[in-house]
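To start, the structure under review is shown below, and the notes come after it.
Per-chain numbering from 1; labels A, B, C, D, E and F assigned in written order.
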Amino acid sequence: MKETIKIVSVLTIVCILCAFLLAFVNNAARGQIASNDTKKIEDAIGKLAPLFKKTEKLNIAGEEIYKLFDAKGEVLGYAFLAKGDGYQGVIKVLAVINPQIDKLEGIEIIESVETPGLGARIKEDFFRNQFKNLKVSVPIECVKENITQDNQIKAISSATISSKSLVNILNKKISELKKQLANQ
Amino acid sequence: MISVAEHKKPQYRLASEKFFTPRKLYLALSQHTGKPSRPCVKAGDMVPEAAILAERDGLISSHLHAPSSGKVLAIEEWYHPTLKRAPSIILECTPEPKIYTPRNGVEKFNKKELLDIIAASGIVGLGGAAFPTHVKLAPPEAVDTLIINGCECEPYLTTDCRLMVEQLEQICRGAEIISRIIEPKKVIFTLEDNKPEAIKKMQHMLRTRTNALPSAKLVVLRTAYPQGGEKQLIYATLKRKVPPGKLPFNVGCLVQNVATCFALYETIYLNKPLIERLVTFAGDALNTPKNIWIKIGTTLKELFDQKVLFFKEEPQKIICGGPMMGISLNHLDYPILKGAGGFLFLRSTHSDEESACIRCARCVDACPMNLLPLEYAKRVKHDDYTTLEELNIKDCIECGACAHECPAKIPLVQYIKIGKKYASNS
Amino acid sequence: MNEIILAPVALGLTGFSFAVVLAILDKRLKVEDDPRVTKVIQVLPGTNCGACGFAGCHGFAEAVVKNGKKFSGCIPGGLAVNQKVAAILGIDAELHHHKLVAICRCQAGKKEKNISFVYQGPKTCRAAEFVSNIDCAYGCFGFGDCVTVCPVKAISLFDTHICVDRKKCIGCGKCAKMCPRKLFELVPRVGTTTYYVGCNNKEKALSVRAVCSSGCIACGICVKVKDSPFYLKQNLSYIDYAKIDLETPLAEAKAKCPTKCIAQSNDSR
Amino acid sequence: MGRQNLMTEFIKGLWKDHPLMRQLLGMCSTLAITTTVINGISMGLGVTFVIVSTSFFVSIIRKIVPPQVRIAVYAAIIATFVTIVDIFFKANFPKISEALGPYVPLIIVNCIVLGRCEAFACKNGIWASVWDGLGMGLGYTWVLIVLGTIRELLGSGTILGKTIMPSVYNPLVVMVLPAGAFLLLGFLLALMNRLEQKKQVS
Amino acid sequence: MQVTVSTSPHLKSNIKTAIIMRQVMIALIPVVIAAVVFFKYRAIWLMLNCVLSAVISEKIILRIRAKSTSTKDGSAALSGLLLALILPPSIEWYAATLGSVFAIVVAKQLFGGLGSNIFNPALIGRAFLMAAYPKMLTTFVEPFAVDTVSGATPLALQKFSHITTSSVKLFWGNVPGSLGETCAIAIIIGGVYLLIKKIADWRIPLSLLVTTTCITIVFHWYKPQSGSILFHFLSGGLLLGAFFMATDPVTTPVTKSGRYIFGVGCGILMMIIRYFSGLPEGMMYSILFMNSLTPLINRYTRPKRFGT
Amino acid sequence: MKDLILIFISTVLINNFVLYYFLGICPFLGVSGKIESAFGMGVAVIFVMTIANALSWLIYHLVLVKMGLGFLAYLLFILVIAALVQIVEMFIRKFSPPLYRALGIFLPLITVNCAILGATLLMVTKNYNFIQSVVYGFAGGLGFTLIILVMAGIREDLEYADIPSVFKGAAITLVTTGLLALIFMGFSGLISA
């Protein structure tokens, strides 16, 4: 019996102490972590829309969309997160779109696990810059040869799949967004 | 199964000769599979031809008879192809040729009488294994098929072939004796298609002698090595498979070599024990190859000393038996044993060094027993004997087909021999 | 603030329930181990790394207790742990108080052994056994299979001539089991020197001389020495190790042996 | 325990009983996160912190823990400190935290930590355990740094994010992929064996 | 008289490892010629590069390890040649050298040299380059215009752009692709030579080709744009792989049934990769994957004992 | 259903725990010497991983998330695994000695197999529902078993290979694993296309 008590009490007490310690540390760091998360998004937005001063979080259908305002309080556009499957895993992208929802201001890859040297080049400027001022009133097209229209981007050679996946992710999200904002 | 270079051409058509005048005979007490026989003479004794020199010791053993009259010089260690040195009776010959008087009333002998005669005559299987024939002829289970083995699948050797060409009648009589003892339903003579002359004679004989062996027939097999092996032969002729660890009688078969049949004939009809046999001497180091009737116990040296054989060139290799399963000897002082069907004198050795196994599986494809020779070699090389039995190493009949085929020239059979020995130890 | 209370409570409860379950099951489902297994587990590092080739420390402990031979298998533990394991199993005593020492009954080197032919095949004694590479049908092949099998590296090979280091040999008998010509004999370790007859040829003098110049010819000189422990059997001289109280007859026989086939191994060498 | 002894406890983890190269423990995070130097450093220090603190606590309570719940108790202590490290990274170095991904929590099951608890801390005094943990942790760290350096240099041509290799260098992408990690560690182990062999010969 | 003694058998066939390797090289002659015709000097340089770096690195390793075996058996040269034949003609010289050295040093010698390697060295060389320089390994050039026009391989065109290349072109090999894989007729001639000479076992190529054919029949019937039977048969590395790489004795099963399993497994995996994965071609990965299964296949397909 | 199949295939082949996530490497290196042991280990991992994922999912989603105690996740998961392993071990040891002999000895190893904890953590990160989590755990274990079996087969062969002495043991195993990882890259992209 004595042993049973020992087993039970040691494990219980250790658990309680650990939990206490953790709760304490967590409590102390929580604020910082939360602000880190927002800061990361704001940093990304800042790169795409340098003029923005203030965001307003819209919560539409459970998804977060940021409405961007400049210093004068005018709407700069919307920022949104989109994600989907790439070549190897999930691609998460932040995009800023103009208030009319027909032109992209730019994109920023938040997360991806594509092959370095191939798919991972979607993070590089030469590719991302294609999305600056890209027409999105009709779905974006990803082509392998030269661009002929202003809603097209050129796929990274040897990484067509990653490029196409990214375009698909954006197209899907933009069309949803159009509907949602129209509903508002 | 594989195909190997035959090397039978030079000696295939050579009629057999006789050499019955050795000066000394060296008669190992281990002439056969089983226990060595027990000497019943002592140094200094004078013995007549065909007298018993050593007696059977136990069931699987065999008598040893004096191939020639003479004086027992000593009983001591002498060279032996497999055992290297083994107790032997050394006999100084004083030639007094013996006339054998044919036995009467053989037709009326019953099974028991026949078996007793065979047991007393020192006959062992002449196909290679030298297993005492009287044991084999008393199988514990009924045998429905008697297979007479005339395949002689070893390259170079031509004794069975010559015997079938020259003494076919006697062989058939010998086969008759066996079938009288074991009463099979069928008797099958098997030959490979590389012996057309023997096949023709055999066909003729079977046509003309139908009354003596009514159920006999001839099966001609496509030449392949090692088709003469008991289990392979039974499968090739009857499509019966002898299970591992079992013997031919377990599937109702008995296999006897043609030379054994001839020896049985001589014993039963002529009252002559097994004291001589036909031996092929061949190989490119010899001036001319020969098939010679020779007394058991004659040394090779004697054949050269008495100018029966001549070297064209110094041999690089001397082999007792065929090139696939024979034993290589290091000098000419070895005697001829009951089971030795041939001696080869070769000019060149395969001097290729063993190289790494490339897992080409030629050995696997060659193996008639469905084994994995490369696995054995690999394990033995690394001193790992634990899994060999699991891999059925004991099934290997050491036919050498695998090593023949191996492009890396790995002496697979040698590794297998080591493996078999140490697998049982550990 | 809420969670600072909630967390300990929640976790405390979980811990408590697990502990209770474990404690109860521990009582109910107890299975007794070989006490040595538990002891071995205690000295093992407990990292369960599997480097020993067994499934974790427990597996290793069970295996060593069953079969002590591989007691040194724990790699992370190193020497210190191995010694402790050995101590628990009582192997230690066996290892260091060996009473037997191996001798090799063929002392002929390249010069003495007749070799009139060429051996072709793998260079191991086990392989050579089937055809032999020396004229003598009893002697050492000289490929040194025994050298590799000896766990303490006590055997060395000087141009096909085998020497056992008396100091290192622990009398395990592995060499005797390995040697295809059965040349090793384990003899009692007495004094600081072991004498032995370095020949295994059981044939008559003439046959022996034909194949080896240092073979025992059974002349009997060693037997005739005063107080000799030697005796002859099958044309070969043997030492009765039960009778070796004195070293003098041994040394004398060694000096007198005409073929110099009596050898000795010393501790000092 | 003398200073000398504490020193040996510390030193052994750096080479002789190196947790990674000798005991083959803690492989997972080693391979996973060493794509860059900075990851290696952070992971190494994180692990060191966890080993030291858990060794400390385990050593304190070593006498009162019954064997039936030993592993559970150790695991709980380890998990606590790992969570603290995780929270610390998240709060102060969010970039690194992201790069290390799920491998921070996996320090819990990093075999080194539990291994040291089971093998050392639960049998030894507090200071010996702490020094032992420190040695093991730093031993682990230096290998991570070496691996991280080689992989970053060859795989991306940079060190600590700065381009080092000349522009004609075509990065060997494979080095930052899983395969490269395994191959490199294999070669490093072989190198270590080689050094050891040399030492034994001389 | 000094004779040699050895154990039986004393008679051995004439075939030797070096002869086998030489025969494979002979069988590759048509493929090499086709490569030179289509890709000109690039083909010659690439093959020289790979073969030389393979042989030299093998020599160096053997010297370091103080092994008596020599490079004369030709296996290293063969591995190098085969590697060259599966690389894109436009590959940079240093990449080809690196791949060749990796193939011999890591995939072959580290595992114990000839006969002990688990993976096909040439294919590991390519897989390594694929991971090391993915861009280079997925860029191909048009035949005859090797310096100017880059093109997509027939399988990539089929997969990513749904353009089917004509079988006639595939048959003669006038398409972009790896050095030795484009000319189907040359490979078939060489492969048949190998099989007739009994240098390679017929079981693996047969089962592999039959499996892929069956799969393509089903898929073509179900979804015609997935590519016709003939198209899949003639394009990509299928033929070169089936005849010259899936037949590598060292890395494939030794049992007969194991070889069928190997062939079928390769075929299924390759078609899965061609149809469903991000890669246009899967011959290399499927053979390598089956290589890794070979020890298990060998173990579980041991032939039945005679008589049971 | 389709999502389950996708999870299954991608976990076994593409995002293999050993070759892609580098989880469970220590037992992978340690216990891949013999096919039998590897198989036992594999089965034990499948078993524990599946159950641990199920239990952890329940605790995480039904208790921790509800109470806002997400930061206790690691602590709880490892407790669950440790206790679970111990309980399972006790049970089979008592009630099925043959199973214990075949499997039980691998169980203690599993507590420190980071693949198990990794599976629970990844299941949280990937936001799987209950069924998906169970499938994920099972497939993860299966992937581990597959790869450890392949490795064991290779290593049994390599026992007899003439490997340079410095590479013997763990080094060649790591190199082989590296080559396997190269090969498994061929399966990448199998989900998205």
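Heads up, the rule we're going with is that a residue touches a chain if its C-beta (ideal position, glycine included) is under 8 Å from a C-beta of that chain, and two chains touch if they have at least 3 such contacts.
This one's a predicted model, so the numbers in the text were calculated from it and none came from an experiment.
When chain centres are defined as mean Cα coordinates, B lies farthest from chain F.
The geometric centre of chain E is 33 Å away from that of chain F, both derived from CA atoms. Inter-chain centre distance (chain B to chain E, centres taken as mean C-alpha positions): 48 Å.
Inter-chain spacing, taken between the CA centroids of chain B and chain D, is 70 Å. In this assembly, the C-alpha centroid of chain C lies 42 Å from the C-alpha centroid of chain F.
Residue positions of chain F with contacts to 2 or more other chains are 26, 29-30, 71-72, 75, 79, 83, 86, 108, 112, 160, 162, 164, 167, 172, 175, 179, 182, 185, 188-189, 192-193.
Counting partners per residue, chain C has 3, 6-7, 10-11, 14-15, 18-19, 22-23, 26, 49, 51, 116-117, 120-121, 127, 130-132 as the residues that reach two or more other chains. Multi-chain contact residues of chain A (touching two or more other chains) are listed as 3, 7, 10-11, 14-15, 18-19, 22-23, 26, 87, 115, 117-118, 161.
Across the whole structure, chains are in contact as follows: A-C, A-D, A-E, A-F, B-C, B-E, B-F, C-D, C-E, C-F, D-E, D-F, E-F.
Those residues of chain B lying in contact with chain C across their complex are 76-77, 84-85, 327-328, 330-331, 349, 351, 354, 381, 383, 411, 414-415, 417-418, 421-422, 425. Taken together, the chain A residues at the contact with chain E in this complex read 87, 115, 117-118, 144, 157-158, 160-161. Contacts from chain D toward chain F in the complex involve residues 24-29, 31-32, 68, 71-72, 75-76, 78-80, 82-83, 86-87, 102, 105-106, 108-111, 114-115, 174, 177-183, 185-187, 189-191, 193-194, 197. On the chain D side of its complex with chain A, the touching residues are 61, 64-66, 68-69, 72-73, 76-77, 79-80, 83-84, 87-88, 90-92, 94, 155-156, 171, 173, 176-177.
Those residues of chain F whose C-beta lies close enough to touch chain B in the complex are 159-160, 162.
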